[in-house]
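First chain written, first letter: the chains are A, B, C and D, and each begins at residue 1.
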């Protein structure tokens, strides 16, 4: 084992320790705290890049904490799925960059350090979650990023945000409890917590009913975290009423953790032939299809920009679930690629929406008429992001959907392509409404007429992410090449297909 | 012989303790106002607990356990009346007035 | 059924009764008190199952601190469920 | 109607859970899978290798140190969450402040008499966790309950004066920080993050230090939740 593996736990320890120190070091010194948080996030990103290069040059990196070999100790693994950390950290840096002005304007100075502390702890929790190779560890890190997420939503003042945060907390706590129950059941069955160890032991477990119950609890728990359609009801309010950088964090990154959990669950149960994975796959396909249509339709009927974006997240999570459920190599790699691309697109969109909200104080699409003339760069970034979200060919949104459609053909479920197309058209419908309002209507509100372009620290992440969202599709082949081995590992370990 | 006597005595103490608890609980349910109920529960609980602990101490005999039981009895003797006192004071401050037969019987 | 099992069963019945009563209770202060009762019953169960440290925590948190926090909240909102 | 539906759902879920759980071996049965695999390994070589005579402590702070670190962070995050959301700032209108009730001399004296004993017991639980059931979380909870009790009786201002305000966030952060230091010390002295270094006395020293930090952290978190509900609290 190379000494670089020691960096793996640091991706967790570094942001969390920085977050723990933030309120102690920078009480009432918001700007200094922002620099601190940004530095910590960049350092964590550098760590993940080093790990990533190590992963590219060899096999997966595994780190036994305390030197105890698994299954006796806890193991962290940097595999293809954990490489998602790279995206988490990079986007967190951009979110932090954009957050400064927003925080200065909306969070009282005595609480700014707490805001950055929560963001850093959230990042550490997510990093730990994707790298966890141990069931209970997975649960603990899930709690870390969940609790910080609830608090971050509640930081937006006002009764709507408070209620949304409460709803998020209650639903999230139930889903966490389900996951904990599943962990307990699996431990009682196998006597182990290490995931690869449990996966092997489950095949000869004596109580298939308990395994099935554990699978059910894990799937429902992670479906809630991923906001897949009938279990999405907490998402729109929470994501729309949160402070905008937090919306970006939640919609871009935190919901993706549910997908990571589902993929880990699928791998965990792949060898246990007692539980029919085909059922799970079919469930994911159907829920995905419903989520795509319902999310797009619900986004269409919204009047507030951030609510539209939140419902569009519901639809996009549907695409990802659909791709995983189709369980062919290209569909799964499409789903994984879409996870990365949607994170990029949606983070950018929410950050841009945050700039608009901060500069004009307006949130309804009708009120934003004519903003294109006053804030051309921000509005332009929003338009590019929306085009990418619809999945028009060279953009990032296209790659994943195309791969999933190909996968549907391979799986012999051609009708799914119709759903994907319908979803894209519906998205195009509301995207055009927003674009029309921004660029082709005269201003109706005084605040739009007096608005100025967003400050540079907010403009840079918005524009950067918008450009990425549109152009990254051209590099789609590279990303697909990267996720393909992972997709094969997920599907190939499965006996049903 | 003496062991039997000791055990019997301990059993009697424990049974008496339980009886006090029962009386206190009945008082809590049946008595008319805050102060009466407080009176019943704090006193009966303290005596009941002390009696049961004494019974247990008898069974334990001369042992380190007995020291702990004595400490527990001292703790209960201190804390239970204090709790009763604090509750009664808070009740009075919150505006509860003691129940009297004349006031409450006439309207009915 | 050994006396131990009977004891466990009694506590479990008490737990379920308390839980149902808490769910049905319209008077929130009473619900908080019942919640303390629930915690104490759980505490007895922990002791009986040989986990005195967990019992101690349960007594301090479940019956003590949580009740204090709940009562503070009730003082700010109101006692009845609407 | 809604009640009936909820009842039906609860019954179905309870049935599913019971069906699933009923297949498991009875708790405590020696041939259950739980007792044959990892746990058996802990019991065989646990106490010497784990560094603490109490096996639970050894598992908690040594074999599964990262989990415990995560739990400590969860507690800290919850405290930060409560402070950031600032419950005290949210209520509108005049608060229903009960008239100041002067401290009863009886209660005051008794609390002052008992408090040192309770504190001593809390400390005992934290340190005793090394050899017997107990430990940082449990002792910390007792300590936190004591501080809340004192604040209830003597008034929150006195308690806030007792806690070191300028350094309060350092004290609150003590558990995750000490854990992080332990992790790094493990890397420096034993070659792995979160490993406990070799001489037995050092190992025990680190474990006791960790327990103390966890206890203080847990106690301060509980007091923090309580004080954030207090009327005149503005952080």
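Convention: a residue touches a chain if its C-beta (ideal position, glycine included) is under 8 Å from a C-beta of that chain, and two chains touch if they have at least 3 such contacts.
Bear in mind that the values here come from a model prediction, so they are computed numbers and not experimental data.
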{"item": "Chain pair, B-D or C-D, that carries the greater number of C-beta contacts", "value": "C-D"}
{"item": "Whole-Å gap between the CA centroids of chain C and chain D", "value": "19"}
{"item": "Distance from chain B to chain A - Cα centre to Cα centre, in angstrom", "value": "58"}
{"item": "Distance from chain D to chain B - Cα centre to Cα centre, in angstrom", "value": "33"}
{"item": "Where chain C touches two or more other chains, by residue", "value": "none"}
{"item": "Residue numbers of chain A (touch at least two other chains)", "value": "none"}
{"item": "For chain D, residues contacting two or more additional chains", "value": "none"}
{"item": "Contact graph of the chains (line, ring, star, complete, other)", "value": "star"}
{"item": "Chains that touch, pairwise", "value": "A-D, B-D, C-D"}
{"item": "Chain B-touching residues of chain D, taken from the complex the two chains share", "value": "98-99, 101, 104, 106-107, 110, 113-114"}
{"item": "Chain D-facing residues of chain B, complex", "value": "75, 78-79, 82, 85-86, 89-90, 93-94"}
{"item": "Complex contacts: residues of chain D adjacent to chain C", "value": "91, 95-96, 125, 129, 133-135, 137-138, 141-142, 144-145, 148-149, 152, 222, 225-226, 229-230"}
{"item": "Of all residues in chain C, those that touch chain D in their complex", "value": "51-54, 56-57, 60-61, 64-65, 68-69, 72-73, 75-76"}
{"item": "Chain A partner contacts - residues on chain D that touch it in the complex", "value": "16-17, 19-25, 32-39, 41-42, 62-67, 70-71, 73-74, 76-78, 80-86, 90, 167, 169-170, 172-173, 176-177, 180, 183, 186-187, 190-196, 235"}
